[in-house]
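Listed below are the structures to be examined.
Common to both upcoming complexes is subunit A, partnered first by subunit B, then by subunit C.
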Partner chain A sequence: MTIPGFIFRNALRNKRRLTLTVLSVALSLFLFTVLQTALREMSQPQLSEQSALRLIVRHKVSLANVLPSKYQSRIARVPGVKRVSRLTWFGGIYIDGGNFFAQFACDADALFDILTEVTTNPDQVAAFKKEKTACMVGIKTMNRFGWKIGQKITLRGTIYPADLELTIRGVYSGGIDETNLFFHHEYLDEATGWHVVGCYWIQTANADAIPDVIRRVDAMFSSSSAETKTETERAFQLTFLSWFGNIKLLIGSICTVIVFTMMLVTASTMSMAIRERTREIAVLKALGYNGRQIFGLILAESFGLALAGGLIGCVGTRFLAQNVDMYVLSHGFFVRFEVTPHIVAAGLLIAAAMGVVSCLAPAIASVRASVLDGLRELD
Partner chain B sequence: MDQPIVQIRELSKVYRHGDIEVVALNSVSLDIGRGEFVALMGPSGSGKSTLLHIIAGIDRPTAGRCVVEGTEVGDLSETELAAWRKQHVGFVFQTFNLIPVLTAFENVELPLLLTGLSARERRDHVEAALELVGVADRMKHLPRQLSGGQEQRVAIARALVTDPTLLVADEPTGNLDAHSAADVLVLLQTLNRAAGKTVIMVTHDPKAAAYARRMVHLEKGELLNEK
Partner chain C sequence: MAIPLKYNLRNLRVRWRATIATALGIALTVAVFVMVMALARGLKATYVNTGDARNLLVMRKGSTAESSSQIERSKVLLFKYYDEIARNERGDPVASPEIIVLIQLDRLDGGNANILVRGIGPIGFELRPNVKLIEGRLFQPGLAECIVSRKISERFAHCRVGETFRAGKRTWRVTGIFDATKTTYESEIWTDADEVREAFSRSFYGSVLLRPKDAAAGAALIQRLEANKELFVRVLPESEYYKEQTKNAGPIQFMGGFLAVIMSIGAAFAAMNTMYASVGARTREIGTLRVLGFRRRDIYLSFLLESVLLALVGGALGCLASLPINGMATGTMSWTTFSEVAFEFRITGELLAKGLAFAVVMGVLGGLLPARVAARKPVLDALRSV
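On to the complex of A and B.
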């Protein structure tokens, strides 16, 4: 037997308690990692390199305000603008509200000149461009609903008073978000008769042109009825995501509460485990174990226990996230769900801290207790 | 007799609880030589355990001196005391106090984990100690799989394995039936006679004390003249 062996034996003493404690630590760290990952996915827009060249022009007041469609040709003439497309959030319902995915009305001709990072079949894109009621769908959404090329689907309008019947003419894959559906803006205009645009999507010629384009576009409409705010795709997504600000705070608080509660649970387990060993600890002292060694034994046991729970919880979540399609599970809310090594490390750190803190009080008490008091303790 | 291994001079231990004073030991002076087998006797509450605890370095006197092999035990810090106990004292308790989750072998190995011995050396020492107390065949057994007498033998092996200066035992036969008690006492006697171990044993049982070479009587914290 070795010292680690002895610590291990001590930990295994009460197997049911050990299992329950490790599992509760694991569970709390599972919740922690899931929540932290959700938080990260929500607050970090996923962008590709190409998207760095893209700008979004929206109404200055808010995302809910629309822009006139006549802006398009004026934006297209701004120096530095390579391509421009209308981009309007349709927000329709497919069968029922649980089937969320994003749908955009756009300029079919310009779409894939702007969205360059995705992979498409040229024949499908050609078919999509030709037909007004055609749409292009991301591979994830295709798989999610088991759709086939040529299939007709109906999107019930929620913002717009129109139901759209679309024919799937093509699939795209790659890029950051493989879940979107794109269809002809003309179809939306006809179906509603409104001729309004949510945003304009600009592909700039090069990164150097960006500040100039932003300035010129916003200046161009500064005295019109619908002033614009032009920003990079990243900035735009951050604005969009800042709506979740309160959710972030909420998740942060939940994490704190979970960690705190678990700290109390492990602390009570450890103090129970140490308390019932008071006499044995006194015997160890009589045999020549000093305070530091006793402290080390207790600390190592508690630390190991918490870390075991942490490993199961954090690494387990990571493994789970890699093998479960969170996109389907979250009904399209999370496009990606990556439990990063960073989050795993943070979780393990918390577990380790939990292990240390939870045994501190009883460990110090048993170091301080006199041998005689310990020996007098009844088993 | 050469230089005594334990020198006790005017040793007192007083417990104070508010206004009430309990004098557990009152100015006790005693020498114990190397290779002695001393039985500390006396009625309940006479201070036998207190004296043994001070000699063994798990309690401190209120006044007086207790020098073991040239070291004033009461002057050591807690950490120094632990190291001192590891080297000089082997404990045998009335209730055996084996660690229930460890086998006989592992219990005996416990004090050796603090030394720099290799696993091989530790095994040799443990096996020799278990052999000496006659429970080598029960090495792999857990305490609850042993009889009381066997448990106490394992505990004695654990006390011996570091080859300490003193073997101290507080009522080592108190929880044993007459037969096992006799076995344990014969074992202590053999360790004393054949291996030259210095043994200090607290007992209030004259039959047990008879195995010792020398009897020291305490009464109300005071040492009676030796007979």
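On to the complex of A and C.
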């Protein structure tokens, strides 16, 4: 019998225990992977390459304060600004409160000049631009509600005192966020009679112009009734993410607890498996195997066991995340939920490390034990 | 006759390594469950404590939060003097038109958050008797003064008495600290309503909080106000408004449930492993017990009980481990108002009982199959085994 064959047989001798242990390691790593993915989505801004050229202008006091719509033409004239669109969070309710998704009022003509990374059908975009009550919807939200092009939907205003009747004229896909709905700002202005803007969305000519644009825009409105704060999309998103506050810390600590629990489980199983074999190990020693070889046998078994659990847990989660729509499942809370190779690798690394650490104590004890004591052992 | 409990206890002690590892696994699972649920409960309790069932909140029809409601000043005057509204000793109607704006402030430990600034009048204090000034003095209208809650003054920069911060067109001076323990007001800054409207260019109020004369008048008032097409308002008891916001705890609660279920399956597997090993090693003991006259049922029960005992030890440890976070302050963002809500972890006896019950379930799940194996061992084979 070959050495790997021997290790394999040993691992398989108690199939029930093997299954239970591998499954509990797999479950722990499933949790670890899910939590890390959630943590990543809650702490790292999700940005496309194209967003590096974009800026957001908002009210200095907070996002909930609005800007006058007359700022648009002044911003457009700032050197380095290629295109600018109004961008206003509508926050409407579709049928009931559980159907959350983001809706923005924007300048239909400028929108896809700024949001360059998404894929659209030119005919649909043309139809969207022509009609004041038209809207463009991300593919994920289309699928979530089973919407069709040409369908009419009603969004009940909560922030704005208006209910909007929109007609879906197009779908976009690609980019980071495929869940948004965009509609004409003119329609919002007409429905409310307010003519206010949440943010301005700027496409700059090149990255070098950005610091200058930020300075000029903010300086331009510094003594007006509504001072502005201009920032990159990245900085803007980071502000949002910082609002999650301590929840992130909580998830991080839970991950640590899970890793620790996992270690306990594998360690306890390994020591059970080894104690049960005290006599066999003594026989191996009597046959001439030295301590290092026996240590290697035990280590390989424990390592393999933990890694098998890790593979099922991490790769399984990745597979699951790719085939289950977390956006629908979480009622719009998670937009992407991407289990990155990085997270999978981290999980596997932890599993491997646990496999090694958890067998150390029982392995060392059995290597040190005397042959005679071991042979005398009864069970 | 049942096998004495002492037998199980001694067994757990003899195999202390496996006992400790398994119990700790269960303990950590229970601790995570209790802590996450304590977070959700703390947040919920904060909302529930805030609303007073005697007060009515008037908002624009269609808006879901005070912060997105607008009611013009002229409309407030239309209903402020309705007969159904209670009067205070000076004869003024107990109705407080208020306005809410969000400002961004820097946290002391880095980052920033949206803070809710509430513009109120003297009546606003009468309607919230549980809010008490603990340091400094009240703000004086017209001087850009404000009072901040204790939690805000502890967590945010420039929020101690005498300090100033800029927001809107004004530089605000903090003149006092108020205590509104365990309510959402603990996450707010208060100042004069009309001054807020001026500084943040709002022509309207946000909402009106009022106290009807009695419950019957309240019901009548709701009907009267909502029937008035010109006002276009929605009226609901203040307690209900805050109860609606407890749904903010939803994602946390979901996370708690999700973690608990998955982790408990893992912990039950570990318990099962331990119990199987324990049954395997005690085959001869089981045979002996049978010969002594204990029936299969007794053995089944005894092993199941042992598993439950093991889980209970773990559950108790887990509850103990989670206790220190009771009352610990934390904060998160409310998705209703988009502002920071400070609250405390809240561990109740009921929650601890749930944690223990949860541990028992893990013990039963982990013990069922091994106990069955133990009970079914044929007596002779069991005695013969080495």
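Following the convention adopted for this analysis, the second predicted complex is superposed on the first by the 378 of 379 C-alpha atoms of A that agree within 3 Å, B and C clash if a C-alpha of one lies under 4 Å from a C-alpha of the other, contacts with A are read in each partner's own complex, and residues count from 1 in each chain.
One rule holds for everything that comes next: contacts are C-beta pairs under 8 Å (C-beta built on N, C-alpha and C of every residue); 3 or more make two chains touch, one makes a residue touch a chain.
Predicted model, so just to flag it, every value in this text is computed and none were measured.
Of the two partner chains placed by the overlay, only subunit C lies in contact with A:21; subunit B stays clear of it. When the two complexes are overlaid on their common chain A, residue A:39 makes contact with neither subunit B nor subunit C. Between subunit B and subunit C, it is C that contacts the larger number of residues in subunit A. Once chain A of one complex is fitted onto chain A of the other, the partner contacts of A:2 are limited to subunit B, with no touch recorded for subunit C.
Looking at the shared chain after the overlay, A:288 reaches subunit B, while subunit C stays out of its contact range. In the superposition on chain A, A:171 contacts neither subunit B nor subunit C.
When the two structures are aligned on the shared chain, A:115 is found in touch with neither subunit B nor subunit C.
In the superposed model, A:75 makes contact with neither subunit B nor subunit C.
The interface of subunit A with subunit B overlaps its interface with subunit C at residues 379. Contact residues of subunit A toward subunit B in the complex are 1-3, 6, 9-10, 12-13, 279-280, 283-293, 370-372, 375, 379.
Subunit B makes touch with subunit A in their complex at residues 53, 56, 58-59, 78-79, 82-83, 85-87, 89, 91, 93, 95, 97, 99, 101-102, 105-106, 109-111, 113-114, 119, 158, 162.
Within the complex, the subunit A residues that touch subunit C are 16-17, 20-21, 23-24, 27-28, 30-31, 61-65, 91, 93, 97, 156-159, 161, 163, 225-226, 239, 242-247, 250-251, 254, 257-258, 260-262, 264-265, 267-269, 271-272, 276, 333, 378-379.
The part of subunit C that touches subunit A in the complex is made up of residues 17-18, 21-22, 24-25, 28-29, 31-32, 35-36, 39, 60-65, 67-68, 70, 101-104, 111-114, 167-169, 200-201, 247, 251-252, 255, 259, 262-263, 265-267, 269-270, 272-274, 276-277, 281, 330-333, 338, 340, 386.
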